[in-house]
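Should a chain be cited, it is by its letter among A, B, C, D and E, assigned in written order, with residues numbered from 1 in that chain.
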Amino acid sequence: MSLMQSPMPWLLVIPLAGATLTMLLPDRWRSAASALGILSQLVAALLLSYQVIQSGPQIYAMGNWQAPLGIALRADGLAMLFILMSALVSSLCALYAQSYLKAEKRANFWPLFWFLWASLNGIWLAADTFNLYVGLELLTLAAVGLVAFAADERSLEASIRYLYAALLGSMGYLLGVALLYGAHGTLALDSLAEHWHWGPTSQVAVTLIVGGLLLKTAVFPLHTWLPPAHGGALTPVSALLSALVIKASFYMLLRFWIELDIYRHLPSLSQLLGILGAGAIFWGGWMALRQQHLKWVVAYSTVAQIGYMLLMFPLLTAGQSDASQLAYQGGILMLLAHALAKAGMFLAAGNLMICTGKPDLQALAGMSRYRPLTIFAFGLAGVSLMGLPPSGGFSAKWLLLQSSLLSGQWWWVVVLVLGSLLSAAYIFRVFAYTYRETGEEGDRFARPALSMELTALTLSVASILLGFAAMLPLQLISLPGPLMEALP
Amino acid sequence: MNEMIDWLLLLGLGAVAITSLMSQSIFRAVVFFILLGLLLSLVWIRLDAPDIALAEAVIGAGITGILLLDTLGQLKKTGKLTTEPSPSRARLGLALLASLTLVGLLIWAVLHQPQPAIALHQQVADALPESGVDHPITAVLLNFRSYDTLLEIGVLVLAVLVGLTLQSKDAPPDSLPGLPNPLLHACLTLLIPAMLLTAAYLLWAGADRPGGAFQAGAMLAAAFILLHLSGTRLSPRRSEFLMKAGLVMGFGVFLAVAVSTLIGGRPFLTYPDGSAGMLILLIELALTLSIGLILLSLFTVAHTPAQLPGKRRQDEQ
Amino acid sequence: MSLLEWLQGGLLISGALMFLVGSIGLVRFPDTFTRIHALTKADNLGLGLIVLGLIPASFSLSITLKLLLIWLLVMLASALSGHLVAWEARAQQVPLRQPGETENPEGTHE
Amino acid sequence: MTLIYGTTLLILLGSLLVGVIRVLRGPRLADRLLAAQLFGTTGVALLLILAELQQLPAARDTALVLALLAMLAAVAFVSRVWQTGTEREETK
Amino acid sequence: MSSDLIFTFGGIGLCGLGLFGFIYHRHLLRRLIAFNLFGNGTFLILVGFAQQGQGNSDPVPQALVLTGIVVAVAATALALVLIRRWFQLKQATELPEDSQS
């Protein structure tokens, strides 16, 4: 009943309750409770999207205290897209994890998973700068916990590296928030935007916030923590981290950027972000080409793909409305395509590693004959990452390309094209290994569960289908709201 | 005079911070860090923030210091500490550059502070009568911004959850014996009740004075840790379920209260008319117990001997 | 200033000086055991004088009780920690020293 | 009266700084710990006077908490650090 | 100068020191101490700077700092758990230099 009227708080209540229950319930009930939770999450997400589409952005005052005294939640088109995206990706990853993890490992997986989802939803809906900080820390600890989950040397090292980088990033963010509060006397995004005052204090605050968030998004050259964490975690965790977790800080960056008019006042920072993006594309691609470990190839590809998303920032320029719209749409579509494709690719890579029992690329020989379904999933995801038509990645790059031509910043076109060639190179390199035949050992491969192959395939197919149905998410994010008004 | 006190405090703060950072011996660094907590709680009193002073005293001088000391003991027990590699020139340069830039930017920002457009403390004062408590900070934490507090407790639960995840199931409990010192045990019979009473006092004081669930919970944890160190084990292993239930109880009660009003058709995290004060006390009571247990678990959880790095493949499928 | 305030002032200042003396003792005394002595003097006497000096400032029963309780607790704590350190130091055979005898900073005495 | 409180505060802060020398010099962990112990008590005294000076009764609660936690470090130190290992590295 | 402004500068100093130590050191415990210095500096700025602007004591940033302290304690405790584990497995108190393998 209350779910029907206001689904927004339920998007937080369900995962938080899920975390509590899965900690306490006996083993056999955990998976059942999680399945129920996932279903109700999907229902709540769809209900809220329906509301947003029907009657515009929704504001929800927590505890009935209006912002800026209280904390408000806000659901607009962009937030809805991210909620739906995380619902789709997390539920498929959960399905995969159910077969992937042994029963006693699952016991601790579920609460971490639910905390992760709760913090993601909390961030998508947040409209308060300090609340975003707490959400970000919840996300960090959940993600670090999931990385450390395997409890071996490599994952422990990765989790410590990740934790330290993330802590520094969020402290930088908090320092920025402290300055903003001292200068404006408010923490709510809406009232900040309303009373926004440019001056040295705000400039330094914005610099700190952007710096902290860039570190948390693993933007080149602050990316060194990402490959070990994403490459060393258990497969469903890698997929969640690459597809969703790094998007959280990126999402915050985007909201601040547009709603607080940063693009208008700090154009040099925009160009800097674009340059960092270009650096990420080339460095990430180059490093992906040099890895011998399958999941590290995929992890470095994430570093490169973050670069494409950053390209939207220099293209969001005041006074060039059309180019900015295209850049906004292209950037978001890029992000969505990457979330689907990368989750699919990580799951497919995990399946391949189960087959061979080894993490190396060398071991993949003969795989294309033995596991065509998984190779197909890997390939489809690769098509989207390379940006070949008709995938979601292609549509996104096309939009970014048009935007850079329209705004006269042709050099980003060069970056886009060269970067795509580089991604093609590292993906075909993986393929080359799978077509190799060794012949000696015979085919003594293990077989992953069918559900694991199907989840990987579903995600990859979705990333391709996105190319045909790109209009749906683009319409969703273009629904009127404060964000769209602030967009140049 | 007042300004002189502030400058002297600041001087001490700087000296202690530098020493805790650059001291050769890591033990000395930790002692200085504990001392820094002490100075900071004085600073918070000077800043008219007694709630934070209280929290800093329990945390800085108590919990964090103990955790650091204990980890240090653990590192020493396992053998000679490896010699620290001396940081490279490049690292020094980078660190200096980053920190000087930061300090420069911050000073520039602070010197150009505009007049804030909104006076939030005024709004807090206006809404205080409806909040169910008389102490503005408790009102902010458990009513106006209770959503933040809910997530914050989530962070604590999460930390202990990760600790439990890393602990292997069949590992023996904490191997270190308690101290066989008769005077210690005699004093504890006096000190532990005093600590429990103080925790109760801090919890109760939170309604109209500085204090509250976190300070009380940390005090409780200090009492638990003292008991643990002297050899009395609140064994989590004997009844794992009960322990876990204790850890999430505070979070669970908080969430349950918030959801109950949601089902009753009111917004999330509201309190029914008139019962705000009572419900806040109930939540704080549950939070205090849970925070005490969580901090204790974070202290004990990492004491299990090394679980050999098992074959990674075993976890998969 | 009234007589009471003079008294208060005297108590407070001498309490603070007691702390200073304790700190100096801690620095000057030659070995761990004598330093414990310096420490506990400062704790008990210094804080005691300051507490006595503060009681007339409020004349409230609850505050007086709280101040006395704090003093009592600190005495208990310093007695306990002094004892524990001495206990452990003896078990580890930490050497005794005469005034003027310097500790070997190179650590050969360990 | 404010002058007396202020003077007392300054003397106490000065004695803190003197105590720092012992932490720096060591040579034993126990000596550093003793100094830390003295800091705790000095902190209690400082808080009690600040409570009067700033008319902030809550500072007395902070002093109470500090007094209760004063021996926690000593107990942890004796049982965890000292008992369990050598302190050879510390004597340099 | 008011206490608020003085300790805002103190907070800035702590932030600078913390950031320096966090980058400079490799010992994980030292970096954790540095992180805590950075955090405490941020908290001082949060309260001091806000009260400097408002001109009187403000409960909102004080409540935020209390939340921040709890979060920092949780993160510190978690880091210590990971460090101990790391030490048990590797007998090392620092991470290897960035391995790109």
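FYI, contacts are C-beta pairs under 8 Å (C-beta built on N, C-alpha and C of every residue); 3 or more make two chains touch, one makes a residue touch a chain.
Only a predicted model underlies this, so the values are computations on that prediction, with no experimental measurement involved.
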item: Any chain that touches chain C and chain A; value: B
item: Pair of chains joined by more contacts [C-beta pairs], B-C or A-B; value: A-B
item: From chain C, the most remote chain by mean C-alpha position; value: A
item: Whole-Å gap between the CA centroids of chain C and chain E; value: 32
item: Whole-Å gap separating chain A and chain D, where each centre is the average of the chain's CA atoms; value: 48
item: Chain B-chain E separation of Cα centroids, rounded to whole Å; value: 13
item: Separation of chain B from chain D, taking each centre as the mean of its C-alpha atoms, in whole Å; value: 20
item: Residues within chain B bordering two or more other chains; value: 2, 46, 48, 51, 72, 74, 81, 106, 110, 113-114, 116, 119-120, 124, 145, 148, 152, 155, 158-159, 162, 166, 179, 184, 187, 191, 194, 309
item: In chain D, residues with contacts to at least two other chains; value: 16, 33, 35, 40, 57, 64, 68, 71, 73, 75, 78, 83, 86-87, 92
item: Multi-chain contact residues (two or more partners), chain E; value: 15, 19, 22, 45, 49-50, 52-54, 60, 64, 67, 71, 74-75, 78, 82-83, 85, 89
item: Chain pairs in mutual contact under the definition given at the outset; value: A-B, A-E, B-C, B-D, B-E, C-D
item: Parts of chain D lying in touch with chain B, wherever the complex brings them together; value: 2-3, 6, 9-10, 13, 16-17, 20, 23-24, 26, 29, 32-33, 35-36, 39-40, 43, 46-47, 50-51, 54, 56-59, 61-62, 64-66, 68-69, 71-73, 75-81, 83-87, 89-90, 92
item: Complex interface listing, chain C residues touching chain D; value: 5, 8-9, 12-13, 15-17, 19-20, 22-24, 26-27, 32, 35-36, 39, 42-43, 46-47, 50-51, 54, 57-58, 63, 66-67, 69-70, 73-74, 76-78, 80-82, 84-85, 87-89, 92, 94, 103, 105-107, 110
item: Residues on chain B engaged by chain E in the complex (per definition of touch); value: 2-3, 6-7, 10, 13-14, 17-18, 20-22, 26, 29-30, 33, 36, 40, 43-44, 46-49, 51-52, 55-56, 59, 63-64, 67-68, 71-72, 74-75, 78-79, 81-82, 84-85, 87, 91-92, 94-96, 98-100, 102-103, 106-107, 110, 113-116, 119-121, 124, 136-137, 139-141, 145, 148-149, 152-153, 155-156, 158-160, 162-163, 166, 212, 214, 295, 298, 301-302, 305-306, 309
item: Contact footprint of chain A on chain B as seen in their complex; value: 105-106, 108-114, 116-120, 123-124, 127, 143-148, 150-152, 154-155, 157-159, 161-162, 164-166, 168-169, 241, 244-245, 247-248, 251-252, 255, 258-259, 262-263, 265-271, 307, 309-310, 312-317
item: Chain B partner contacts - residues on chain A that touch it in the complex; value: 1-2, 5-6, 9-10, 12-13, 16-17, 19-20, 23-24, 60-65, 68-71, 99-102, 104-105, 108, 111-112, 115, 118-119, 122, 130-131, 134-135, 137-138, 141-142, 144-145, 148-153, 175, 179, 182-186, 191, 195, 197, 199-201, 203-205, 207-208, 234-235, 354, 357, 446, 448-449
